[in-house]
Amino acid sequence: MFTEYNPINKLMFQVMDNHGKIINDKLMPEVSDQRVVKAYKDMLFARTADLQIVNYQRQGRIFTYPPNYGQEAISGATASIIEEKDWLVPAFREMGAMLSKGVTLKELFLLFMGYEEGNAYKNAKKVLPISVPIASQLLHAAGIGYEIKYNKKKELVYAFVGDGGTSEGDFHEAINFAGVWKVPVIFIIQNNQYGISTPVSMQTASESLAIKALAYGVKGIQVDGNDYFAMLKVLQESKKACENGEGPILIEAVTYRKGAHTTSDDPTKYRTKEEEESWHKKDPLDRLNKYLQDKGLWSDKEEEKIIEQFKKEVDRQFIEAENFPEYKPEEIFKYMYSETPQELKDQEHKLMEFYRWKSEKIAQTSKK
Amino acid sequence: MFTEYNPINKLMFQVMDNHGKIINDKLMPEVSDQRVVKAYKDMLFARTADLQIVNYQRQGRIFTYPPNYGQEAISGATASIIEEKDWLVPAFREMGAMLSKGVTLKELFLLFMGYEEGNAYKNAKKVLPISVPIASQLLHAAGIGYEIKYNKKKELVYAFVGDGGTSEGDFHEAINFAGVWKVPVIFIIQNNQYGISTPVSMQTASESLAIKALAYGVKGIQVDGNDYFAMLKVLQESKKACENGEGPILIEAVTYRKGAHTTSDDPTKYRTKEEEESWHKKDPLDRLNKYLQDKGLWSDKEEEKIIEQFKKEVDRQFIEAENFPEYKPEEIFKYMYSETPQELKDQEHKLMEFYRWKSEKIAQTSKK
Amino acid sequence: MKIMNMVGAINDALDIKLNEDKNVVVFGEDVGVEGGVFRVTEGLQKKYGVDRVFDSPLAESGIVGTAIGMAIAGLRPVVEMQFCGFIYPAMNQIISHATRMRNRTRGQLETPMVIRLPYGGGINALEHHSESMEAMFGHIPGLKVVSPSTPHDAKGMLIAAIESNDTILYMEPKRIYRAIKQEVKTGKFTIELGKANVVTPGNDITVVTFGAMVREVQKAMVMAKEMGISVELIDLRSIYPIDRETIRNSIKKTGRILTVTEGPMSFGLGAEISQIAIEEAFLYLEAPPARVSGYDVIVPLPKGEHHYMQDAYKILYEIERNVKY
Amino acid sequence: MKIMNMVGAINDALDIKLNEDKNVVVFGEDVGVEGGVFRVTEGLQKKYGVDRVFDSPLAESGIVGTAIGMAIAGLRPVVEMQFCGFIYPAMNQIISHATRMRNRTRGQLETPMVIRLPYGGGINALEHHSESMEAMFGHIPGLKVVSPSTPHDAKGMLIAAIESNDTILYMEPKRIYRAIKQEVKTGKFTIELGKANVVTPGNDITVVTFGAMVREVQKAMVMAKEMGISVELIDLRSIYPIDRETIRNSIKKTGRILTVTEGPMSFGLGAEISQIAIEEAFLYLEAPPARVSGYDVIVPLPKGEHHYMQDAYKILYEIERNVKY
C-alpha cells in the first residue's frame, strides 16, 4: 500500500464513493459489520454533541468551542483501531477518538466551560490533553514513541495535527526526530482545508501534505478522510508497519471543516457557498449511513431514535458539568509543583487574606 | 536539469571526476578559462587563510574559529556567480563567498578576535553577518526575497545552511514561506557530513537533504559540492529559474569538512582515518588544480609563488586587525537603539563613574 | 476628531501608515481576508492589496524571522502574533536577531519593525490566551516594549512605533479592545515612546500601571477617594525603557508607590518599578514600594481567573495597606 | 571524598543516576560520542549505551519537546542545551508545556526532567555564548531554576534535580567548569533545591549572588575586608523559588543588601531580590537595596566583555557606596 500510494504518485486512497458504494472490495479493511455500526453511532454521537454544543455556546453556557463537524470519520476510524495500551495525542478536533479512550463528554464540557478539570481525564489513561499551541504536541508524541521503543513495549502513538499545523517548526522537528529514532508513531494530519481563514494553498506550496513524509524518510500516504473505510484501512496498515519497526508514518487525511473554526468564527468571510456545498456531498456520516442502509444495517428510524437518546445524554453530561463545584482559590496554586514551595504558599496566604478583607469591606459598605 | 535531477531520482549532479576530468562536456557551465583560474586562486586564498588562522589560533592570537577547509568549491562557485545587486546570507563557513562580496579578511579576523566591527562590512553591501544561531538566518533570506519580489527588483538571495541546520524548525519555516511566496532565494545546504560530531545520518532519516525540497513544492537538487563546475552549473540554472519566477531553489551541496568543527574541536573523536582519507581524494582544490594543469592554465610553480603572496597578504590583514583600536566602554551602549534612551545613558554614566573610581582606587592601593 | 474604540484606533493607525509609506507591509496569521481574529486589520487588504496586507503560514518564528529580512531590505513590516501565548516560537528570532542586528553590525543593518501582541486576561479564553509577559520582554536588551491604555494612545503610539527604526513590541490590551470609546484625532499624530503619562495627579500614593489595568486602577481610585486617599495614577505606556523621571517626581510628592500588573509576580514589572523607586527616591519613601500582580501560577481557565486577576478591590487592598503602613 | 572540578562533579551525578535508575536518559546535541562540547557527558555513552546517552538532531525545540513526551511516559530525561544562547528555540516547549502539564491536567500528568544549560560570560566566546538570562526563566511559572557555584553543590543539586518530579532548569556556570577543584563526597547525596547557602557570615552588608559570580564576590570580599567591611555572602543556589527566609534573616542582621548578577539589569534578579528585601525587612534597611549587574545591552564580544562584566572592583564599588550611604 505504501509503495503504491507513495505520495509522489499523487494518489488519494479511497475505498467508498460519495454514495456509500465500495469502489474496490479488495481495499476494504478487516472490520465486522457490528464494529462499523458502532463506529457510525459514535460518529453520530460526536456530531450530535457538536451541534448541541454550538447551541449551548449561543446560549452563553459555554465559552469558545472548536467543532469537529464534518471530520468525524477520522476520529471514528481511530476509535475503531486504538487500544487501551496505545497513546492518543490530540490536537483539538478529535472528540470521537478521545471519547473512545475513555474521556467523557462532561470532561470536554468542563474544559470549554473554563475548568482545568476538563483535562484531568479520570477514566482515561494515555491520553494527552487537547493541545492549544499548534503542532507543539507532535514532539510529545515522538518522545512517547521513544519511551515505547526504549522499553520494548508493544504500544503505539496516534498523534494529530491540522493542515495549518504543518507550517510550524515543531511539525518538522517532530517527524524528523521520530524518523531518526524509528519510533511507532502514526502522525495524522487532518487536512480540513483551512487554518482558521487561511487556505492550505497559503500554508504550503507542496503538492500535498502527505509528500512531506519524504523530507523525513518516513512512509506517507494521502487518504480520503471522509471515507471511514479508507481511513481505517490506512490506519490498519500503518499499525502493521509500526509493529514491524517501520514507523513512524505520516497520514494526510483529506477532509473539510463543515462548521466554523470556533464558535467565534464566521466562515462566510473566507469560504464560498459553492465550496461548502461541494463538500457536503462528501459528508462522512452521509456516506457511511448510505453504506449501512444499503446493507440493511441501519435505518432512518433507528437514526431518529438514537439521535434523541444522544441528545438527552449530551444534555445530561452538560448539566452535570454545569453543576461542577465552584473553583476554589487554592486550586490555582496546588498543581504548579510536585510540592508547593513556600513562595507559592505565601502568595496563596496573601490571596486568602485579601478575600477576608474584601468580604469585610463589602459588609461595611453595605451597612452604610 | 531540475527534472532529470529531481531528488526522487537519487542522482547527484557531477561534471568533473576526482582527477579533474570532465565527465560530460555538455554539462559544463558557461565560464571563461580566466574566470576559472580566478576562482581557483580565490579558493586557494581561502584555504591559505584558513590554515594560517588555525595557526594564529594555536598561538593564542585569535579565539574560536570555524574553518572552511575542504568546502571551498561551494563558496568559490557562489563567488563566480553572485553579483553586486544580489544578497548573501551566510551561515559561518562561506569565507570565499563573503570575500567576493567585498567583506575583507581583516573584518573576519576582527570578528574572531572579538570585535563587533568584524560584522560591520565597510565595503560590502547586501551581506548579512555570519549567523551563529543555526538555521535562523534562512528566514531572513526568505524575507529579503519578499522585498525583492514586492519591489519588482532583479535581485537574488544566496542563503547558506549546514546539514545539521536542516533539523531546525526555522529551516522548515524558511523554505516553506519562500515556497508559498515564490521568492528568488537560492538555499544552499553545505552538507559536510557532520554537525560538530553528529553525522548526517543522525540528523535525518531522509534519503538525501535535497529531497526535502518536495516538502515545500520547490525545485531541489543534489550536487557534488567539491566539484566547482557542477556547483557553478547548478547555480547558473538556479539563477535562471529564479529569474523566471520559478524560485526558490534548494541545493544540497555534498562536501566534507576536512578540518575540525572549530579550533576547539577534535574530529578524531568521531571520525575514522579511512573516512577522512576517502574524502581527501575528492578535495575540491586538488580536482580543480588537476583540471587547470591538464589544460595548461596552471602550474605548481605558480601555485607556490601565489601561496607565498597569499600568506603575506593574510598576515598583513591579520596584523592590521591586531592593531585595531581598543574597545571603548561607550561602544557597548551605542548601537542598541536608533537613539540611545535615557536608561542606557544612565547606565553608561554609571560605568564611567566606576572606571574613575577604580583608577583612583588602584592608584591609592599602589601608593600604599 | 472621531469616536473610536481601540480596535478602530489601531486600524486607523495602520491605515494611515499603509497609505503614507509604501514600505509598510502588514502580515500574520489571518490578518488578510479575515481581518484578524479581533478584526483589527479589517478592510486593509481590500484597500491595499494582497502584497501589502496578507496572511502568512501558521508559524510565528517564520513571521518574525521573515519580517527581520524584510526590514533589513528596507520594508517596515508590522506583524501580528495572534495571541500573547503564541509568541514563544518566535522568541529566538526576537532575542537573537531582531534586537541585535544593529548592535551586531555596529549600525550597518537595522530592523525597523513592529510586533503587535494582543495580551492579557479577562476575556474568558482558553489556555495560552490570557498571558501578560511584559517583564519577560522588558528584560530583552534591544527591544522596546510599549502598551497603550486608550484608543488615543493606541493610535499615536502605533504610528510612532511604525516610524521608529527600532524593533518594537506593541502590546495590545485585548480586554479593552472595544470597552473604551473616545474621541480620537483624525489624521496623523504620534506619541513619543518611552514617556509615561500622569493620568491623574494625586498626593498620597503613586500607582504605576499600563494597558488594561489602568481602568481597574481607576475603579479602585473611586473607592480610595471615598476613603480620603488621593492616588497619583501613572500609565507607563512604555515598559522598556521605563520613564524614571516621571516615577521619581511622583514619589517625591507622594512618598509611596504601588505597581499593578497582570503578569506573574516574581521577576515582574513590580519589582523593577520598586527597584527604580529605591534607586531614585529612597529617602522619600514612607512605606515599602509594593506590587499587586498575578501570582506565580498559570493564568487559570475562565472559571478560576477571577482568583488570579487584579480587580479594583485587590488594588484598593494594597493601596490601603500601603497608606496605613 | 574525591577531588573534582565542576565538569567532573556533574558527570559523576549523571553517572550515579544513570546507574541507579533505568528511567534516566541523557540526550542533546553532541552529548553522546563526543561527550558534549564541554566534555560534561564524557564516557557516559560508552558506559550506558546509545539508547540511554545519545546525540539528538540539531533542534532545541525538538530536544525539549521530545523530553516532555518521554517524561510523561515515565522516563526521566536530562537534556543539554549546548549554550545559553541556544535555548530560545525551545522556549515554547518550556513555557507552554514543560511547566504546565501538571497544572493543566490537575496533577494527572507530570514532566520530571532536567534541562542543563551552560550559561554566562567570561570565556572569550562568540556572540550568543555568554548570556545569563536567569531572570527570564525565573519569571516562568512552573519552572524551577537552580545554579550551583561549586563542584560539591553541582553534584548534590543535579542529583536532587533528576529526582525531582518537576521540570528543572539547571544552569551551569561554564566559566568555572574547571576553575574550582574541591573535595566532593563520593556516592550519592542531594542538596535540597530552593534553599540558599550562607557561604560566609558577615555583619555590614548582605551580598546575594549565585553561580560564577560567587567567586567574583569572594574576591571583592578580600578587598572589602581590608577596608574593614564585613560582608555576608549568600549563594542563592535556587533562582526560583527564592529562599526569602535566608534573605530576611540576613538583612535583619546587616541592614544592607546588594545583588550581583551577570544578566541585563532591567527586570533582572537584582530587582526581585530588592523587592523581597523591602517586603520582608523594610524597617531594617539602612540603605537602598542595590544591584550590580550587566547593562541592558548585548553581551559584548570578547574584546569588550570586560566593560560589561562584574569583576571584583565593580562589586567592591557598590559595596562601598552602599555601606557609605
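Labels A, B, C and D are assigned to the chains in the order they are written; within every chain, residues are numbered from 1.
We adopt the following convention: contacts are C-beta pairs under 8 Å (C-beta built on N, C-alpha and C of every residue); 3 or more make two chains touch, one makes a residue touch a chain.
Worth saying up front: this structure is predicted, and the values here are computed from it rather than measured.
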Identity of the chain that, by mean CA position, is farthest from chain B: A
Chain A and chain B, separation of their C-alpha mean positions in angstrom: 44
Centroid spacing, where centroids are CA-atom means, of chain A and chain C in whole angstrom: 35
Between chain C and chain B, distance of the C-alpha-averaged centres to the nearest whole Å: 40
Touching two or more other chains - residues of chain B: 116, 132-133, 167-170, 173, 176, 180, 202-204, 331, 336, 343-344
Multi-partner residues of chain C (each touching 2 or more other chains): 56-57, 59, 61-62, 85, 88-89, 92, 96, 103-104, 127-128, 141-142, 240-242, 266, 295-298
Category of the chain touch graph - line, ring, star, complete, other: complete
Chain C partner contacts - residues on chain A that touch it in the complex: 63-64, 111, 113-116, 118, 132-134, 164-165, 167-170, 195-198, 202-204, 264-265, 269-270, 327, 329, 331-333, 336, 343-344, 347-348, 351, 354, 357-358, 361
Residues on chain D engaged by chain C in the complex (per definition of touch): 61, 85, 88-89, 91-92, 95-96, 99-100, 103-104, 127-128, 133, 135-136, 138-142, 240-242, 263-264, 266-272, 274-275, 278-279, 282, 287-291, 295-298
Complex contacts: residues of chain B adjacent to chain C: 87, 116-117, 119-121, 128-129, 132-133, 136, 138-148, 150-151, 169-170, 173-174, 176-177, 180, 331, 334-338, 341-344, 346
Complex interface listing, chain C residues touching chain A: 29-30, 32-35, 37, 55-59, 61-62, 85-86, 88-89, 124-129, 265-266, 295-298, 300-305, 307-308, 313-314, 316-317
Chain A contact footprint on chain B (complex, rising order): 8, 167-173, 176, 179-180, 182, 202-207, 211-212, 214-218
